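Take a look at the structures below.
Paired with subunit B in one complex and with subunit C in the other, subunit A is shared by the two complexes that follow.
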Partner chain A sequence: MYAHLFSFFYLAQEAVAEETTQAFSLVALSNQLVNGIGIVGILLLTGLGLAITFGVMRIINLAHGEFIMLGAYVTFWMQSTFGMDLLLTIPFSFLITGAIGALVELTIIRRLYGRPLETLLATWGLSIVLQGVIKLIFTAQLKYVKSPPYISGNLTLLKDAQGSPAIAISYYRLFIIFVAIALLVLTGYLLNKTDLGRQVRAVTQNRDMARCLGVNTSLIDMLTFAYGCGLAGVAGTVISSLKSVSPPMGQDYLVDAWMTVVTGGVDKLIGVLAGAFLIGESSSGIAYLLNDPTARVIVLAAVIILIRYKPEGLFTIQKRG
Partner chain B sequence: MSKKDKSTLLNGISRRKFIKYSSLAVGSGILASCTGAGTSSTGDEELGENPIKVGVMYSTTGSIAIVEKSLQDATFLALEQINTNTGPWEGNGEGINGRKIQKVVVNPNSDWDLYNQMSKRLIDEDKVVCVLGCYTSASRKSVLPVFEEKDSILYYPVYYEGNECSSNVFYTGAAPNQQITDSIPYCKENFGPKGFFVGSDYIYPKESNRIAKAELEKIGGKVVGDEYSPLGTTEFITIINKIKQAKPDFVLSNLVGDSIPAFYRQYKDAGLTSDKVPIMAYPTTEEEIQAMGSEYATGHYTSFNYFQTVETPENAAFVEQFKAKFGDNRVTNGVMEAAYIQTFFMAQAMQDVLKDGGELNTQTIREATRGQEFQAPQGLVKVDPDNYHAYLYSRIGKWKEDGQAEIVFATPAAVQPIAWSQTLYPGRVCTRPVPDTRSSPIKETGKDLQVKYLEKT
Partner chain C sequence: MAQSTIGIATRSRTPTRLGIVTAISFLVMVILPFVVGEFQVSLLSKLLLFGALAISLDLVWGFTGILSFAHGVFFTLGGYAMAYYLKLNLSAENNTYGGSLPDFMVWNGLTELPWFIAPLKYFPIAAIAMVLIPAAFAFLIGWFIFRSKVSGVYITIITLAISSALTTFFISQQAYTGGTNGITDVSKLSIFGINIPPNGLYWIILLFTTFVLVGSWWLTQSNFGLILRSIKENENRISYLGYDVASFKIFIWTLSAGIAGIAGGLFVPLNRFISPVYLAVAFGTQVVIWVAIGGRGTLIGPLVAAILLGQIQNSAERVTQDWQLVVGVLLLIVVLFIPDGLVGTVQKLFMKKQQPASTKQPVIDHN
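Right after this comes the complex of A and B.
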């Protein structure tokens, strides 16, 4: 009996001790969650282009990752030839990947509207071709992209007892999320508040009717697809200096971008933000508590279960029949 | 197209249509693998009569292509020098005893299963006498049964986790005792006892870290963290946060490929500096430094047998010849050098066989390769006749601002290779009889093995 009491006391003591270490790691956990915003930014940035090509146009674009890669290579090329700053290459990377996107739409996608399976195969093939072409031009070696020197350092939100940063996030990560949200807002504005956006939505909702009303549907299709690809290009540029630039790099983002878009739902652009936030923070949290490979498995499994029960995504309004 | 249209479309696909589409998918997949992962017997140079067929198996597409392409480049340079009587081969005549080497090049597309199939094809259909190739341990493990079953020879140029000793493989990269054994005490003495271990999630980094952790604990250090990320990952926020929290004295990195530049960049971006927490790495070489930008690597360390800055006349010539062939902006690194020297080990062995009037086959090449010496860019190296690994130098380089390494530690001569990690398997060695009977080579000596250096003869 006494022994039991004693062991109970001992356990309680241990629990208190644990709590103090827990309190300590609570700061670390919140640091992890703050940094999870960095992952959210990248997911949002890479998912945004897909939200246009898939969400608005319903094109299953498996070459999306390669457009991100193209954006990164545009930046690499402009930096190494003209010595341009990374930020200055953003508009060029948008225009060049957008132009390539327009070309792809004209030559391939246009012929496959309404045939999702063929589109899937064609864009998959396209991704192999684009990787091959980039490898022929730039070789398979990893490429160096210089990051903007004025965006460096960390924003410290909380310091620990020794005065070293306990909760901090790097300015570049903040910059990424800023770009991502700015693009999201811009895209939302374009789609909802401009004539062009209205036409885009009209075409996607009822192509024939839109055509009858005098909308140049094929031009709208091309512009929309090009815009989606251009966004992917900007994503490639912005993340190129934080990550690695190589021909297969896009594959890494393709799955994540798809997960983001599918989770958030594609009817509303805000769904992409919600999806990015959910996936970014949950994978960051799980990775902190367990480890990276396990977090990936758990998040992927959760997305599969989600698609099974809510195929239209979490954040969709009731669709009309 | 609206959602409704899409759902009716998908529902409306009949079984026949499904079969049609899926066979299309399979077909284009095969087509892709044929074009991407084909074989070619390059005949750009005149090969003369009766060339010697040698397989070259490196992926030039897929996720590992970044590294393997440069191994292929180094191998091609060596083969060209052998065929044209230039470089280290000067004075031996064009080819080997007048017979040129015909390279049979395959591209396994970074797919471990394809390595297995391609090696079968090289041996059975192309009838090559031996194969130069592979990079990751996963690919080596995939082809090992093929080379053992068909009794053919693979020259494998990569530092690896050890604990293997096949009579069908010559391991010309570093064994654990030539890379890990010196770097761990160096870290403890110069940085402190607390180590944080990171790596990509596959055989080599896990095994290599397992050995390194054991070595650190043996000398009284402490492992404060051990984290892995999926191969090819470029997102390191979590691992870096865990490093910050664990406050180690140094980080030991076994990340490979694409992950390396991303990790170093985010490391610095998160405010970790090389003067406070330096990274000691094995797979980070001149190539990766060039890709990440040297400002991210300055002050970090790599343990390797060779650096571009090694001061030997052979290295000066190697760097110059490599740049002349592949471009001035290219760098040389340790794995490339290993791929280069193993090609000469092979050529010298073939030359010995042909000089004695022998026939080139697995048995003759195997026996002739044992004990081959070569004045390599890193210094004098030798194939150990007992365990088929190579005597190599052990060096530690500190990265400078120009992307090259300042060599801060080097052994006086090439170190004798020990195939099995002595910390994990004390006293276990690999000794093969002459001639090789392909029996089990493992001997438990039960002794503490002394470090032996290659003596110049």
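Right after this comes the complex of A and C.
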């Protein structure tokens, strides 16, 4: 009975297979690599928040994907009720997810400092709860967010003989990487050049000493966690128009964000950029040579091997134990 | 012989009582199919298997401190081994295309059975594969990660990545695994030509779970279990004492994966299909939740939690569609307020009651 349905899929698949098994061409590969920049942007955006919560605070936050999801829902909600432009919702999504992050830190994370496995479990529970609550409010239906009309179309870098674009990247992907790098720079500035950032680093390096010197450590903890969650919210807003918005969407980004952060190492923010670049470009390169699922499996396996030999990440400075 | 004295010292009256309780519950479970309906028998069989899976995770997490989200993976690998056996033994008229080749392979353009699946047609080979494949896979992973300085949290992240990668892999290999749908419409279980009725399957499962429970209990009460617990408490100290921590971890990890594999293998004739759903992180999480709620390191706790939560879920799903939300809230509450889990807390309460009563005033007797 279902056989017809499946044979249809089978045919469709074959058609796709024919399309992709063209002869190896440098132009197509470069197109794939240029578009890999879009993946790099997403990885960087989603990994950045984790670089704060995990990298700076050492909190294993498995609800990170859900903060991305919350950001996307904030945008959806503001767009559907006030008709706001996606760009305009970014600050709101930052503030709202940040506030929820602060609340979570106060009620859950704070009780579990120094117990990484318990934190991991609790945030996993939190992730289920957040998904459930959003499902209660917005239902499980897929929602769609409109991307800003002025960021549309493709940037053509190279045309082929017929004049159709051979290497092109959509402006929206460029926009994503732009936002990601802007946030990276901003975060680096906040962390390294401001008073607040100095306090944050002081707390992570020596909590007791920082407290003795008059730093309000619990406030700093809360602010840092909230900032990391806020970044995840911004990521959610920017990503929301790429795919549909749904309660389990965060799960898709969670593993990838973790891989990015772990690959790059968390000592320096620039590690996130390096991790995102490595993972994004290698997956789109391998995807061109083989196919998408294989690329994902190979990249994940590579990351596992990397964690085994260098759990502190590729781009960390050797420190004395 | 300091070790053996400790071993004796922990052998209080509680195990005897536990044994009696277990024996009674076992007997009750044995006669249950005559009392409850067909649906309940099938549900209970499923929950017993989930319980066995949870016990296998408890062995590595509750006793050795390795939190794994990959136990669903071992479960499913065993499941696939059994699913191939059942699928390949469909009689020709039940098969969609009349031939001996499974339907999903025909759809995906295979003309003959791949060499690595063909041997699973025979029950002994399938039964061995059901244990051996997950165990060998786990051994490889364990050998790779436990002999390094990788710490607890990173191991958990690795298990997440493994689960995610394998899910993608199984979905992508449609011709061999049936893709997203997995292996469906398998035959009923028959061993060497003897058909196993639902009640028979239930008893097999009940025996298996009881065996896993008692075996795990015996293992963890032994000196070996003592070493496992010491690894969880203080890994450095136990390695300074001259124990090869990695070997112990690899052993228990492999054993636990083997148990999970058998549970998965028994799950398929019951469920009548296996799919990448059980490979995914969400199912792995489910197992973690049973252990956390039941109580880490209690063995019986995860089993009880799996059965209880499954029963509640079964009745709750008629009322609400947001069962997952309830589970999430439960998990949060357990982690924050009841770190010992349900059974762990009950045990502690009993011990507190017993100790003052036996040391101070033996006069008070509640008989």
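Convention: the second predicted complex is superposed on the first by the 296 of 321 C-alpha atoms of A that agree within 3 Å, B and C clash if a C-alpha of one lies under 4 Å from a C-alpha of the other, contacts with A are read in each partner's own complex, and residues count from 1 in each chain.
Keep this in mind: a residue touches a chain if its C-beta (ideal position, glycine included) is under 8 Å from a C-beta of that chain, and two chains touch if they have at least 3 such contacts.
Every value quoted in this text rests on a predicted model; they were computed, and no experiment measured them.
**Q** In the superposed model on subunit A, is it clash or fit for subunit B and subunit C?
**A** clash
**Q** In the overlay, answer first, second, both or neither for which of subunit B and subunit C A:N31 touches.
**A** Touch partner of A:N31: subunit B, not subunit C.
**Q** Tell me the contact category for A:K243 with respect to subunit B and subunit C: first, second, both or neither.
**A** In the superposition, A:K243 contacts subunit B only.
**Q** Contacts for A:G114 in the overlay, against subunit B (first) and subunit C (second): which applies, first, second, both or neither?
**A** A:G114 sits against subunit B, while subunit C stays out of touch.
**Q** Taking the superposition as given, does A:Y288 touch the first partner, subunit B, the second, subunit C, both, or neither?
**A** In the superposition, A:Y288 touches subunit B alone.
**Q** After the superposition on A, what does A:V303 contact: first (subunit B), second (subunit C), both or neither?
**A** second
**Q** In the overlaid three-chain picture, which partner chain does A:L126 touch, first (subunit B) or second (subunit C), both, or neither?
**A** So A:L126 only meets subunit C here.
**Q** Look at the residues of subunit A and decide whether subunit B or subunit C touches more of them.
**A** Between subunit B and subunit C, B touches the greater number of residues in subunit A.
**Q** In the overlaid three-chain picture, which partner chain does A:K143 touch, first (subunit B) or second (subunit C), both, or neither?
**A** Only subunit B is touched by A:K143; subunit C is not.
**Q** Identify the partner contact of A:L174: answer first if only subunit B is touched, second if only subunit C is, both if each is, neither if none is.
**A** neither
**Q** Looking at A:V255, would you say it contacts subunit B, subunit C, both, or neither? Reply first, second, both or neither.
**A** second
**Q** Counting clashing C-alpha atoms after the superposition, which of 25-33, 331-339 or 385-393 on subunit B is the one that bumps into subunit C?
**A** Clashing stretch of subunit B against subunit C: 25-33.
**Q** Taking the contacts subunit A makes with subunit B in one complex and with subunit C in the other, which residues are shared?
**A** Subunit A residues touching both partners: 116-118, 121, 124-125, 128, 131-132, 135, 251, 291-293, 296.
**Q** So in the complex, which bits of subunit A are touching subunit B?
**A** Listed in rising order, the residues are 25, 28, 31-32, 35-36, 38-39, 42, 58, 113-118, 121, 124-125, 128, 131-132, 135, 139-147, 152-154, 165, 168, 170, 172-173, 204-207, 241-249, 251-252, 284, 287-288, 291-293, 295-296, 312, 319, 321.
**Q** Using the touch definition from the top, list the residues of subunit B that touch subunit A in their complex.
**A** Interface residues on subunit B, with respect to subunit A: 1-6, 9-10, 13, 21, 24-25, 28, 32, 36, 60-63, 65-66, 69-70, 201, 227-230, 232-235, 237-239, 241-242, 244-245, 258-262, 265-266, 269-271, 287-288, 290-293.
**Q** Within the complex, which stretch of subunit A touches subunit C?
**A** Contacts found on subunit A: 3, 6-7, 9-10, 13, 60, 108, 111-112, 116-118, 120-122, 124-129, 131-133, 135-136, 251, 255, 258-259, 262, 291-294, 296-297, 300-301, 303-304, 307-309, 311.
**Q** Name, in rising order, each residue of subunit C that touches subunit A in their complex.
**A** Interface residues on the subunit C side: 65, 67, 96-97, 103-104, 107-109, 144-145, 148-154, 156-158, 160-162, 164-165, 168-169, 171-172, 174, 281-282, 285, 288, 292, 322, 324-325, 327-332, 335-336, 339.
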